[in-house]
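Note that the chains are named A, B, C and D in the order they appear, and that numbering of residues resets to 1 at the start of each chain.
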């Protein structure tokens, strides 16, 4: 089977309260990717629009975006797996290209979380769980990840300080990422002193909501070689799910969907955790990054804390993780998040990540989770020698 | 490249006001498809959940459905192109199988339109158009299709009676389809006398809202041959889009997305309109079926009216269309509609359509449109000799 | 902000082309034109899908245009009930630009015919809102 | 109908397992068990994912179970503000069934420890609503 490559990447700045419409926001990521790939809208043979629909007033945004971006009459549709929507979009783009239906596909992610009022947002937050059996108790994303943090601490002796160290790392890279929403540093003390949100997680354990867009241009091997001087190849794809109900889970010290997706991706790519030079993991909360270390095999179960204590996930460490600021500091505009992670890894593998560059990175990994481990996507990328 | 086949189909009854939850509704279509395919949930390697999110309180229903149907830890995600969501789902399932990612994929469509109140429904209706430039004028689906009807009548001399004849046909088959929401016959007089909704369209020119679910089990050639005594093969797939804004349209006498999708599907299948033995077309309004006759090449532009006047789209005619009652009488539970169309054609090609059977049908076509011609999917199916 | 003043019911407040509403206040229906490649857009937009430039200028839609198609609504979504019945339409201008909108109540159903000349006229709505409608030239 | 009585804020009124609420009224927390293959489900469901049967019977969740994990919320979604702060948890029973719910205010934060025994007790909420909470056995 042929290879499938990435020939263009773009994202808007991730910001609080974008002052334009969603179509204008999406154009920012799209136009950057088009300039990067040096192609025109008519070269795109299909578009996949990824977001979480609760944040839009616009129904069926795929059609609107295709029109605004000049992508008619090519097919377009919408894919959603909440926070991992654009990684799932990449999986589908890969598939359509392998199936021979298209040679060049745009995966476009966006979210304008500020499109709805704060009250509306509060109302939607409660409906991300099973609305029959869990939402009636009053649930929120931080509380679910907090239950995982509690279990991890109880089982492995992980501490609140260990989690805070992850935030300190994220902030140190958010400071040097011009597209990040949170550009300030965070000291260990500041992180530990922040107010509790849902125990044991505090304000600084939680990622920053943001408005943003991303775009990834995916191409067949032949087109990638023709159009791009530095194509980045998709080496392995993994995807899995777990029950939305906590009552259906088998563990709270990790995410089974991530473990399963990682296994698939490593197998398909023919590499192991030790071969990864740089990774983007889904750090919607600090505990999520801690679990990712272990679910991805960067550390044994319970040993994730050693990685961060020893700064092994900083640039220069054994396995640099989220050296663009991650969701914690770069921001988490739901539908755009996976695309932004893929963009970061693409730039790393091209050697174009600027001050965030991991020297000589050849193999990169993206770990993107939807909901509280409902959906897990792990994707491995490589470059030509 | 290998073939991809359908090995199981199911749908719930299409009803007004389903009295269970959406998970229970989805189970009805899913369990019928599983019994039809004689497989178990663990044999499904990925699931694609298709609906229009505005009708659900539940956020990210893919995760919920995968859990309820026993489809964890396999990957699952959500696809939306409004009314054509499950045809788009089929296109993606085909792609994932061709890409070698999965051998058996379930495409599950559903809509419980009665999940929200009538007032909420009225509010959402206005937001299916471009919410910046058209919705502020007060727009609705019937009005958009009515503008097409007006243009078609003005250009070609099509009459209100011609459209009513399409409804009469739909009702004659809805009467014999046990899964249809509207089981009564409709006389030409009754159709013509019904109240105007948006001129020139009347109540009986509009499809019936319904709650329902559908499920299509798609398999690789090897698995299809192993598991199914009568696999139905996907011969051709077409998909296209058109601007959501009416100001961006080039014609109002047909849907350009359907014409483009039909061309792709015919080319891929290596057949023409004259080779189709039975068709399901997207008759959300009578004018939509009239335009489909012409967009699919069953009639020359403007000659669609001859087909219905001469009963050529009845069983026994040149090209039987929507002989299961269509959206007009069978009902239109948005996300489930395409899956139900595919089910009908699968049963026809297997010779299992009961009183609706078109004798000796070998090649079938599904035409499924999202929004007012924003998304067009045309899919062509065939059976072994 | 500002765009929430457009139309009977508004769904979007923030857009980079919110100046459209100010032009309606001043009596003009405006589209945008790409300074880079010259493509004209209605509805107006901030970004060009042809050449990906975001350098746009405003131009006025002047009439008359021709009625392409229309329909009279007897039912309406939430918030539009008191306007019923009303007619929506598409009008095409000589330069190929098309405009979607409502037909003025000053034209009767009987007077309507496809191909007839119409002009777009900005109108004030209740609650400090603005829109435009199509009238006889 | 009837299921809208479950929980502080309800989002679903119609389900084939609405009888769950009647059982809470009567003082019992119930799951469902597949008559065909014997699989036990909590939350209860109308349909079996193992064997695709819809022939289910009710069974009572009796305690005690063990606390698997928990968290105390300092912020809440709309409609739950007046309950703040409150604690959610997962409890596992000897037969492997797990139940998600809230921990009773009768247990202090200091008393909580993972692995402790808890029992689920149906409770009445304001507005004729019902739920259950976890207490000491």
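Rule of thumb we're sticking to: a contact is a pair of C-beta atoms (placed from the backbone, for glycine too) under 8 Å apart; a residue touches a chain by one contact, two chains touch by 3 or more.
Computed from a prediction, not measured in an experiment: that's the story for all the values here.
Greatest Cα centroid separation from chain A: this falls to C.
Comparing chain pairs A-C and B-C by the number of C-beta pairs in contact, the larger count belongs to B-C. A straight line joining the Cα centres of chain B and chain D is 39 Å long. Chain A and chain D have Cα centroids separated by 33 Å. For chain C, residues that reach two or more other chains under the stated contact definition are 11-12, 15.
Residues of chain A found to touch two or more other chains are 21, 23, 57-58, 67, 127, 130-132, 245, 248. Listed in rising order, the residues of chain B touching chain D in the complex are 18-21, 23-24, 27, 31, 34-35, 40-41, 57-58, 67-70.
The touching residues of chain C, counted against chain B in their complex, run 3, 6-12, 15, 42-43, 68-80, 83, 86, 88-90, 97-102, 114, 131. The touching residues of chain C, when paired with chain A in their complex, are 11-12, 14-16, 45-47, 49-50, 52, 54.
Remark: chain A residues 119, 122-123, 125-127, 130-140, 142-144, 146-151, 154, 195-201, 245-249, 252 touch chain D in the complex.
Those residues of chain B whose C-beta lies close enough to touch chain A in the complex are 1, 21, 23, 46, 52-54, 57-60, 62-64, 66-67, 71-82, 85, 88, 91-92, 94-101, 124, 127-128, 130-132, 237, 239-245, 248, 256-257, 260-261, 370-371, 374-375.
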